[in-house]
Structure formats: structure tokens, C-alpha cells
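Each of the two complexes below includes chain A, the first together with chain B, the second together with chain C.
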Partner chain A sequence: MSDTGRYLYAIARGIGGEDLAGIRGLRDVPLRLIEHHGLTAVVSEVDLEEFGEAGLRRNLEDLGWLEEVARTHNEVVHAVATKAPTAPLRLATIYRDDDGVRARLEQWHDALQQTLSRVEGCMEWSVKAFTAARTEPSPAPESTGGGAGTAYLMRRKAETAQREVAAEEAAALADEIHAVISQQVVASRRLPPQDRRLAHYEGTMTLNGAYLVDDTAVDDFRSAVQQLSAQHPDSRLDLQGPWPPYSFTTLDDT
Partner chain B sequence: MTEPEGPVRDSVPRARPATASNVAATRPQPDTLADVLERVLDKGIIIAGDIRVNLLDIELLTIKIRLLVASVDKAQEMGIDWWKRDPMLTSSEADVLEENERLRDRIKELESQE
Partner chain C sequence: MTEVSARTTAEVESQPIALVDLLDRLLGTGVVLAGDITISLAGVDLVEVRLHALITSVRADMAEQR
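Showing the complex of A and B:
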């Protein structure tokens, strides 16, 4: 039998085995809880052939493997976060044994407790803003012999200038939307716009905002986004969530 | 995936089931791979485990490159076929090829002068 390690999904406070009934870890292995001084690590056993250092180096380059592991990781973290204050771990944090996990809980105890207090009762929501797709070139003017080339160049130049103005306006609008939403939430972050090559969307993503919202304020938050959407019909707003508080539990000491 | 009417696409079920025994079922619209990866790879707590591949080094270089370039077949299977649709990319690629050609010609020219 090959060696196993402990894959660490999340650290939470005040969660019990019954809270995670029915949730399975990677490769359909049951989850386990490791308690230490008021903190609970959610782990499952993984085969080190697959999740050891050599295995990870190999497997992380496999898109299908990565997607499956990333989605399972997220599902487990999500299940934990709906039950208790939760600090998600970054993908692929693996210990050889339970003592290794406990040592880290001990070492990071205070910072983790502070982080969990900060996100208690809150989940992360995402608001993205998109502007319309690139403007279509205007219809060609009627050609009048020798002037056609010049007219074409002038038109191209005007179109470029128009696009630049539109881009500036879209960026300013995204700033404004983010500022308005930020006033209504516990904390906010702007993530880089997503690469169109991985996310499928039309137009330009001008805002990729992450917002930490108190569970009791979700309806107000949703209304605020609806209202912004109504005020800015040129922008499409995409509200997604709730997520575990991934963007609000990054510890400084990395 | 269908787009509901109106500019706000709201993926959130109004009432969440009391138990999270089936996480997938509580999220009717699957999160995009980009949404998931951006969080599980770039966010979250980083605690060095005793088996630890540094994602910052590996992921950002190899994963991204593999995702976007090398695993073309797999990516196409998953519907990631941006390089076919992105005129910016196609044209810049053409520019690079043209530039390479030009440089090669120039080198030949210089070499023949020696």
C-alpha cells in the first residue's frame, strides 16, 4: 500500500462531524476533522503517489486533473463555510500526518483566530461589470474616387479615438460601481479582470470585485447591485455567490 | 447556459437548503473554471505543508502556460478555443512571424556582406 498524506481544505471554528455528513473529499474519501486549541482542520487522506511532491508537479499540469481537484476542493470548502467561520486553504496543501497539521494550527493559532473572527457570519460575493463588445466599424462611406483612401484612414483614426474614450468611461464607471458597493459591505477587493481565454464572456470585463457581505445584509446587497444595474444600462452586472471568503482570509505572513 | 432577462444575472437560489449535503445542488449555475481557479489558486490561506509544491512558482508558469497553450486538445474539449476567435492574438502571432522572417532576411543580408 502506498503512503498517504493529509490534504487540508480549510480551517474552521466550531464545526462538528455532523455538519459535514454526506460531504466527501477528493477521490470520494470521507472527510476528517483534526481539532487543536479551538481550531478545526478539515482534511482527507490522499495517496502520495498522486498528491506527493512529484505527483503534484506532474498532475498540476494536467488541466482535467486540475479542474477536478479544484472543484472538489471548492465544494468541500463551501460546505464548511456554510456551517462555521472558515478560512479556506490554497489548493494542494498536504501534510504527512495529523501531527504536521496540529503543528501548523499551533504555529498560526492567533492569526487564524483573528482571521476567522473577521469573516464570521459573512460570505464572499462577486460582482463583475462588463461593457458591450467592441464597437462594430461604422458602415463604409460612399466611395468617391481618389479620396476613398484618405477617408478610410480618417475613419479608422476616429474609431480608435472613440474606443479609447469609451474605454476610459467604462473604467471610470467600474471605479464608481465598486466604490458604491464597497460602502455597503464589510470588506471589498478588486481582483484582476478574468482572462477571456478561461472565462467566456462578451465585451470587456471592467470590474471583477469580491465583497465580504454579512449574511443578514445579503438582501440589501442584492438590491444595491440591482439598483446600480438599473442606473447603468450600458454595463452588464453579474452577481455571483455566495463563495467561501477566499479573498478575505489571505494571511499577510506568506 | 441561458441568460435570464435583464442585465443582472443572478445565480443565487433564493432559499438555501438547510443542509449542505449536496453542495452542487445548491449552486444551480456551475461556477466557471476561471472563477474557481482564481480563488483556489490565487487566494486562500497559504500555509506551507511538509509536502508542498510552491504553486506560486509552478502554477503561474507551467499551469497557466499549459492551460492556455499546451493542452490545446483538452482545452478545446472544454470549450476553451479562444485562440481561434481572438483577432488580436491571431494578428499578433502573424506579426511575430513576419518580424521573424524580416530579421532572418536581414541576418542573411549582413552575413553575405562579410
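Showing the complex of A and C:
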């Protein structure tokens, strides 16, 4: 039989096996919990042929593989996060054995405890803002002889200036929307705007915000976003969630 | 009256999670080590897959598929 490792999904506080009944790990393998000084690591066994160094190098380039692993990872983390304060691990964090996981829990203990206290009772929500594309093609220059070339250039220049102003206005509006939402939440963070070819949206993504929202304040949060949406009909706001607190559990240098 | 094609927030919430949203979080955030995916064996970090290189190749693949 080939070697196995431990795939680490998340570290939580106060979670028991009964909380994860019915949730399976990667490749339909049962989840296991590893306890250490008040912290619980959620793991499952993986084949190191597939998840070891060479396997990961090969498989991470396979989009189908990546998607399947990412979705399972998220399902497990999500299930944990709905039951207990949770620090999700980044995709593909693998240890040789339980002792390796315990050593990590020991090393991260204080920072993890602080992080878990910060996200307790909260989930992450995403708000993205989009503005309409401003890419109207300029009409072909009229051929009226002398001066047409100059007029064309001037019109182009004016259009460029207009687009710059529009981009600045859109960025300022995104800043404002982010600031207003940030006042309503426990913590906030801006992720880089997504590549349009991947995310398939119209226009320009001006905000890709992550917000840590107390579970008891979700209705207010949602209303605030809808109100902002109504106030700014030129922008489209997409609200998505709840996510496990992925963006708010990053540990400082370990 | 003109039909507005923009999705409302309520509709977006119930949609399945897009892979790009997932990777934003699973690769870009979470408990991380120095900005890279680290594969640890026996508690010793043996492999660091450069995240940016990975994302670049993923994006190229995804763009091709669509």
C-alpha cells in the first residue's frame, strides 16, 4: 500500500466528531480530528502518490483536479465554520503524520487562539462592485479635407480624458462603498479585482471586498448593501456569502 | 420600460460558487505561510510551490477553456 499523508483543511476550537457527521474528505475518505492543547485540526488521509511533492506538482496544473479538490476543501471548511470558530487552511497543506500536524498546532498555538477569538461568531461575505464598460468606439473621421485629422485627434484626446475621469470616479465610488460597508462590519479587506476573462463580468470590477460580519448582524449588513446598491444605480453590487472567514485568519509570519 | 439585465444581489447569493471566487480565497488567503503553498512532511517544509506561477498557469488554462 502506498504512503499516506494528512491533508489539513482547517483548525477550529470546540468541534467534535458529531458536528461533522455526513461530511467526507477528499476522495470520499472520512474526516478525522486531531486535538492539541484546545485546538482541533480537521484532516483526512490522502495518498502521497497524488498529494505528495511530485503528485502535487503534476496535479496542480490539471484544472479539473484543482477544481475538484478546491470544492471539496471548501465544503469541509464550510461545514466546520458553521459549527465552531475556524481558521481555514490554504489549499493543499499536507503533513506526513499526526505528529506533524500537532507540531504545527503547537507552533501556531497562540496566534491561532487569537485568530479564532477574532472570527468567533462571524462569517465572511463578499461584495463586488462593477461599473458599466465605457468602450463606445469613436466614429470614423469625416473626410472633409483639411483639419479633419486634427479634429479626429482632438476628439480622441477628449475621449481618453473622459475615460480617465470616468475611471477615477468609479475608483472613488468603490472606495466610498467599501468605506461605508466597512463601518458596519467586524473587519474588512480588499482582494485584487478579478480577471475579466475568468470571472466573466461586464464592465469593470472596481471592488472585490471581503467583510467579516457577525452572524447576528447579517440582516443589517444585507440591508446596507442593498441601500448602497439603490443609491448608486450606475454601479452593480454583487453580494455573496456566507464564506468561512478565509480572508481574516491569515497568521503573521510563522 | 427597458429590461435591466443586471443581476440583483439576491440572485447572486443563491448561485453556485464560481471557481475563480473559490481560488481567490483558497490560494490567496487563509492561514498561509509566506505567500506560498507549502507542503510539509513530518513538520518540515519541503516544497514551496510558487503561488504566482501556479495562478498564472491556472489562469491560462481557464482562459483557454472558455
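The rule is simple: the second predicted complex is superposed on the first by the 238 of 254 C-alpha atoms of A that agree within 3 Å, B and C clash if a C-alpha of one lies under 4 Å from a C-alpha of the other, contacts with A are read in each partner's own complex, and residues count from 1 in each chain.
Keep in mind that, in the parts below, contacts are C-beta pairs under 8 Å (C-beta built on N, C-alpha and C of every residue); 3 or more make two chains touch, one makes a residue touch a chain.
All values reported here derive from a predicted model rather than from experimental measurement.
Visitor: Clash or fit: chain B against chain C, after overlaying the two structures on chain A?
Guide: clash
Visitor: Counting only touches as set out at the top, which of chain B and chain C does A:R90 meet: first, second, both, neither?
Guide: Touch status of A:R90: both partners.
Visitor: So, does A:G100 touch the first partner chain B, the second partner chain C, both, or neither?
Guide: Both partners.
Visitor: By the touch definition at the top of the document, which applies to A:I11: first (chain B), second (chain C), both, or neither?
Guide: In the superposed model, A:I11 contacts both chain B and chain C.
Visitor: Please indicate which partner A:H200 is in contact with in the superposed arrangement: first for chain B, second for chain C, both, or neither.
Guide: Both partners, chain B and chain C.
Visitor: Which of the two partners, first being chain B and second being chain C, lies in contact with A:G22: first, second, both, or neither?
Guide: first
Visitor: Is A:E61 in contact with chain B, with chain C, with both, or with neither (first, second, both, neither)?
Guide: both
Visitor: By the touch definition at the top of the document, which applies to A:D238: first (chain B), second (chain C), both, or neither?
Guide: Both chain B and chain C are touched by A:D238.
Visitor: Quick check on the superposed pair: does A:S247 touch chain B, chain C, both, or neither? Answer first, second, both or neither.
Guide: both
Visitor: What is the shared patch of chain A, the residues that chain B and chain C both contact?
Guide: 5, 11, 52-53, 56-57, 60-61, 63, 66-67, 70-71, 73-74, 87-96, 100, 104, 108, 112, 115, 126, 191, 194-195, 197-200, 222, 225-226, 229, 236-241, 243, 246-247, 249-251, 254
Visitor: For chain B, which residues are in contact with chain A within the complex?
Guide: 6-12, 16, 19-24, 27, 31-53, 55, 58-59, 62-63, 66-68, 70-71, 74-75, 78-80, 82-83, 86
Visitor: Which stretch or stretches of chain C touch chain A in the complex?
Guide: Of all residues in chain C, those touching chain A are 6-7, 9, 12-13, 17-34, 37-43, 46-47, 49, 54, 57-59, 61-63, 65-66.
Visitor: Considering the complex alone, what residue numbers of chain A touch chain C?
Guide: Residues in contact with chain C: 5, 11, 52-53, 56-57, 60-61, 63, 66-67, 70-71, 73-74, 87-97, 99-100, 103-104, 108, 112, 115, 126, 191-192, 194-195, 197-200, 208, 210, 222, 225-226, 229, 236-241, 243, 246-247, 249-251, 253-254.
Visitor: Okay, in this complex, where on chain A does chain B touch?
Guide: 5, 8, 11, 21-23, 48, 51-53, 56-57, 60-64, 66-67, 70-71, 73-75, 77-79, 82-83, 87-96, 100, 104, 108, 112, 115, 126, 191, 194-200, 222, 225-226, 229, 233, 235-243, 246-247, 249-251, 254
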